[in-house]
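The two complexes that follow have chain A in common; it is paired with chain B in the first and with chain C in the second.
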Partner chain A sequence: MKAKALVVVFAIVVAAGVCSTASAAEVVIGALNDMTGATSDVGKDYALGIGEAVNYCNDNGGVNGKPIKLVQFDYGYRVPEALTKYKLFKRMGAVAVEGWGTGDTEALAPTVTADKMPYVSASYSGHLADPKKTPYNLFAATDYSSNARATLTAWFDKRWSKHADFGKRKPRFACSYMFASPYASAPIKAIKDQATLLGFDIGPDQDVSLFAVDTKSQVLSLKDFKPDVVWHGNTTMSVSATMRDAYALGLGADHIMNLWGFDENLPRLADKAAEGAMAATVNAFYGENTPLMPTVVEYAKKFNPGVPQEKRLSRTVQGWSNVLALWEAMKRADKAGALNGEGILQKGFETMKDFDLGLGGAKLTYTSTDHRVSGKVPVYEYKNGKFQLVQVTDLQGRWPDKWQSWLGW
Partner chain B sequence: MSTTFLPCGEYHQNYHEDHAWWQTRFIKGKMIALMLMLFIGIPYVADEYWLSVCNQIGYTALGALGVQLLIGFCGQVTLGHAAFLAVGAYTSTLLILEFPWPKLLLDLGLAYPLSIFIAAVAAGIWSVIFGLPSAKVKGFYLILTTMAAQFITVDFVITQYISQIGGRGQAFSLPPGTIKIGPWVIDSDLKIYYMMIALVIVLTAAVLNLLRSRVGRAWVAIRDNDISAEVMGINVVQYKLFAFFVAGFIGGVAGAFWISNLAAISPEHFPWFWSLWLVGVILIGGVGSIHGTIFGSIFMVVVMELLQMAVIPLAASYPKLLMDFLFIKEAAFGLAICAFMIFEPNGLAYRWWQTKNYFNLWPFSY
Partner chain C sequence: MKKQSVLMTLFGLAVAAFLLAGCAGVQKASDATFKTPEVTLSHAEIPSYFGYWFYNNKVQPSLPENAKPGNNGAPLIYAFIFNLKNTNDFPVLMDNMKFTVALEGFELNTVGSQDEIWIPAGKTTQLRVPCVFGMFEAFMSLGVVGGMDLQKMGKKPWDMLEKWWTTAPDFAFPVEVRNGSAVFKADGIIKVAAFKAKYP
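After this line comes the complex of A and B, so read on.
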């Protein structure tokens, strides 16, 4: 009897779920996050940031009075899972999606274009920044390719010029990343192009898994090439493993990396090996002094009190950036009477010019021909126990003739 | 278990009737109703989301069919089947994007269908290579050699070499309009659904037919006792390798089919976990049953989606449930396998067989 009652209750709950759609008074946005998969080391904190930021938006009037309903799923970094979840968002009446990885974002790109669904991802792949190919893919950050170019340039400007061999030989450069990961390999073509532009010798790439905890064989292979600088394309966990091994085996190279490998956990995991690490960042670190940061911290304490403050990362801030950018776009679209995919893109995002989120990132400018938010990329280094600004690399100003041709790769 | 009792009052009078596909009018009626439901009912009723769920069931069933053939009918345990799906997907993609097809074939929309066949053959041959150790080893040792297929194929060959062809972002993104069968561009869930249904029906029928032939009987003999099979004059190695070929062939079709659902492929789409998942599908569906493959696929996809549906209304009160669902799902997968192993080791197919027989023997079932 009890079992039958349970089955009936389950059926009612399932039926309620199957029939659930958006009510007219609320604006549904979907979110795909990775809390358990290959990129969960950075994904968990980002997901928390998304939830907290939506609460902030609702506390401040939602979309011109309409509350935002967030439907947030953990898809475990599995592409097939992401595809069905996206369809579920559509079924629930979502007007936009906060996405995650490069693999699923690129796999969904033609679908979101056909559906005219703004897809604001945590993948900042340069492939997604060309509105001619992927008009509905957006992100509130400088793209991976620009970041990679900017970081290598900053290393060239600040470190190589002080090197003992400066002027005597070409600097040597190599890449370490998971070949199979679309995220990790997204800016490879761009960074190698930049290395050629700056006159580097380019060494063999090293394949390091996103799950790697031991990378000695890759570091030993790198030692044969004797690189001056190594670019890491993975997330913090495996980047720190590689840096630890490089430190232990005396590789002697500097380390630069993609932003998902550069956060507050890096020095915790890599310890001394993290000293001097350099990367482009897309917003301030958690708790840094920016206009909106006290609010970010306040909401983190309020909605996720179980997560200790010292464990929070800059990923929270990245989550906030994407939500706030989408919020602003939705408010603008709604004011223009077009709170739909096309409206959010054209009357929302593409009307933003030098829009400051107050989180220490680049000011956002989207145009109908270019979704790269800025040509100026701030590059930070970890030095003496602190993250410090090295330089703001002005790619657009320094290579104005090439800047446009770099769009989309 | 493979024999279903005929309904009371029905008798076979000759060998032909005994081996007919659809043995009674009632069964014929049921199958016609099933076809109507698959080709008209579901597309009419299902929205885009449920069609995508159906497509995932089809992909799972196609993948699991080869695993079922190897494990359930030939007794060769495999834990690396995702590798053959990957070979199929990559071969088909490369053929579509890189091969200089004659203009006539392109105009007729035959490039993709032909690429599916070539991909299937390539995956079949690749599968035979990893089936070679089955001539010497069995059981746990064979499991390890099939696992090697996953690591060598996906993590090494595809990741290190195949993925580099053409440069990233060029070779393996499939722009809209690339996948075409005849005059139809496969660009919607409905078209993918029809393609999936056609492939599942054709391959299931092919495997069922194969199992009724000399080859199928040889496989079953090898599964039940390979030494006895050899004594009976069956060339055990040859038949085992043929089983690997057919399983790989079907896996290749599954992989080539799946690219129609994607705009870009990467090795990430074929993780080792997927090989394990496919084995879970046949364990739950029923080892040694083609019905079981389909039931297992439906169970693994639909039940997980229904669990998700149950979570959605509850999330209004407990928002974290949505994010924690994957933990629930993984736990449900593990629990389902444990529960089936303990309470129903013959899987869902056995329940289906019991139910059918109950009604067939009614009013004298007991």
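After this line comes the complex of A and C, so read on.
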């Protein structure tokens, strides 16, 4: 009687088990995105890229057979909201977070360090690249400070050497950015240091709001200094406005900028003034010829068919880069039997050496003492209606004695 | 006693068979048979209304004492009610959906649902998606992203915000759902529906 009862129970348990095998253990990752706030124009595209890339990862086995569950929230570019959502990710058992801006990422850095939560941000602030200070902050891109140094160097190499005054006087350089913005001000110290290193005269900074649509007073101030090249630290709209005013007022300078001011919208907004603009983009433009780009485009069309292709930006590719890097780190950590924060950092990210994502960016190397992914920075320019690679500036190779001292600022 | 144990065994096996049938008996989806469910906007609502007000970060809050001032304003809350129509002979899971909300052409908010929702075979399920516009976030988005368009219109961000916040309850201007996509799953097959709508 007892044996038969056991058979019955066993049969029911087996049957119920067969039905429930569909849901394997999931690996939860959180994503904080700005889809409503000041950076929503680029934040939305980045967020779409995150979602599409996670679908790609799951279609290719997830984390060694475990599907990735993406929990994605908008935080409106508000730091308090970011903190709230981060706590929610923790309650949901997230093993890592895909983050967004400089303000919230830097504000969360002490928390993610204490929690040992890998935090892969779209802020590439150089302040976040020193593992001694922010060990759990990572990104699959060259950092703002390296990008700024590399872009100014590329301008120096390619443009100044052909300038009529080359060899006769020092080149003149000035910065235009919103002083109060953590993102815009992050690489200023580094680019001025690079300007000094290359022998520039440095002019007065111009405070340009991220809201600016009229920058004539700042451009007129710049005219007094007669810069040969201006660094723009803001995002695309105010950068475009400044470039248009500079064009209209005959400033005569070249324009270099941080990557969030340089994308497919720049020529749409700045029109002719965009010609010759230069920046380190950290990866290829959407649709450009790289090994994985056809897949990126395929997933964009499949999962967001309502978004016209012409509205997709290089921000999609940035989202993919951060997801693919985290995916690789999680797979390595899982193989080592340590799919947790510490494992993802140490057995995952910090074991990557020259890891190529196939998206046109620098190959990724993370070490326990340096989270800058590479000293080689690809720099692009907008020329004849196209974004084109100008040069890969090898900062580490060119200044090997200084490279280590540039970490973290 | 013996009869009772035989009955019990049969009952157990029947339950097991029923559970297995539950898994295997339903028609399976395939890429060819899985018709993408339709997503349409039934209507939009203002489920809660907080008026139009804003105080900037120079204004000290009344409570609590020593509270940190901030840029705070009334939220504008919409709810979008969608019909999810499953014309298949099998149930379908909606895994997630997202869409952008535009007010008078300005894309201000991208929202969605990440809750898993089952739609029975041949049925229509309604889904309510709330959408909160923070006033300062909308101001920032308008200023930083839409600044040049506003300039062409001869408007400032606050002109638009006042209009939207005060006349939204009357639906004095249409609210647009753009770039919508909803991901549906059945038996491992994925289909994505694109949608857009304007209300009213």
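Keep this in mind: the second predicted complex is superposed on the first by the 385 of 409 C-alpha atoms of A that agree within 3 Å, B and C clash if a C-alpha of one lies under 4 Å from a C-alpha of the other, contacts with A are read in each partner's own complex, and residues count from 1 in each chain.
The criterion applied here is as follows: a residue touches a chain if its C-beta (ideal position, glycine included) is under 8 Å from a C-beta of that chain, and two chains touch if they have at least 3 such contacts.
All figures in this text were calculated on a predicted structure; none of them were measured in a lab.
In the superposition on chain A, A:182 contacts chain B only, with no contact to chain C. Of the two partner chains placed by superposition, A:198 touches none, neither chain B nor chain C.
With both structures placed on the common chain, the touch criterion links A:297 to neither chain B nor chain C.
Legend: residue contacts after superposition of the two complexes on their common chain; A:307 is shown touching chain C, with no touch to chain B. Of the two partner chains, chain C is the only one touched by A:40; chain B is not. By the document's definition of touching, both partners, chain B and chain C, reach A:72.
When the two structures are aligned on the shared chain, A:111 is found in touch with chain B, with no touch to chain C. Once the two complexes are laid over each other on the shared chain, residue contacts for A:241 go to chain C alone; chain B is not touched.
When both complexes are overlaid on chain A, the residue A:127 reaches chain B alone and has no touch with chain C. The interface of chain A with chain B overlaps its interface with chain C at residues 14, 16, 18, 35-36, 47, 51, 71-72, 74, 76-78.
The touching residues of chain C, counted against chain A in their complex, run 1, 5, 8-9, 11-13, 15-17, 19-20, 22-23, 96, 98-100, 107-111, 114, 133-134, 137-138, 140-141, 143-145, 147-148, 150-151, 178-181, 183, 190, 192, 194-196.
By the touch rule above, chain A contacts chain B in their complex via residues 10, 13-14, 16-18, 20, 33, 35-36, 47, 51, 70-80, 83-84, 87-88, 90-92, 103, 106-111, 114, 127, 179-182, 185-186, 188-189, 207, 409.
Interface residues of chain A facing chain C in the complex, by the touch rule stated above, are 1, 4-5, 7-9, 11-12, 14-16, 18-19, 35-41, 44, 47, 51, 55, 71-72, 74, 76-78, 210-214, 235, 237-238, 240-241, 269, 302-307, 311.
Those residues of chain B that touch chain A in the shared complex are 47-49, 52-53, 56, 59, 154-155, 158-160, 163-164, 167-169, 173, 175-176, 187, 189, 261-269, 271, 305-306, 308-315, 319, 322-327, 330.
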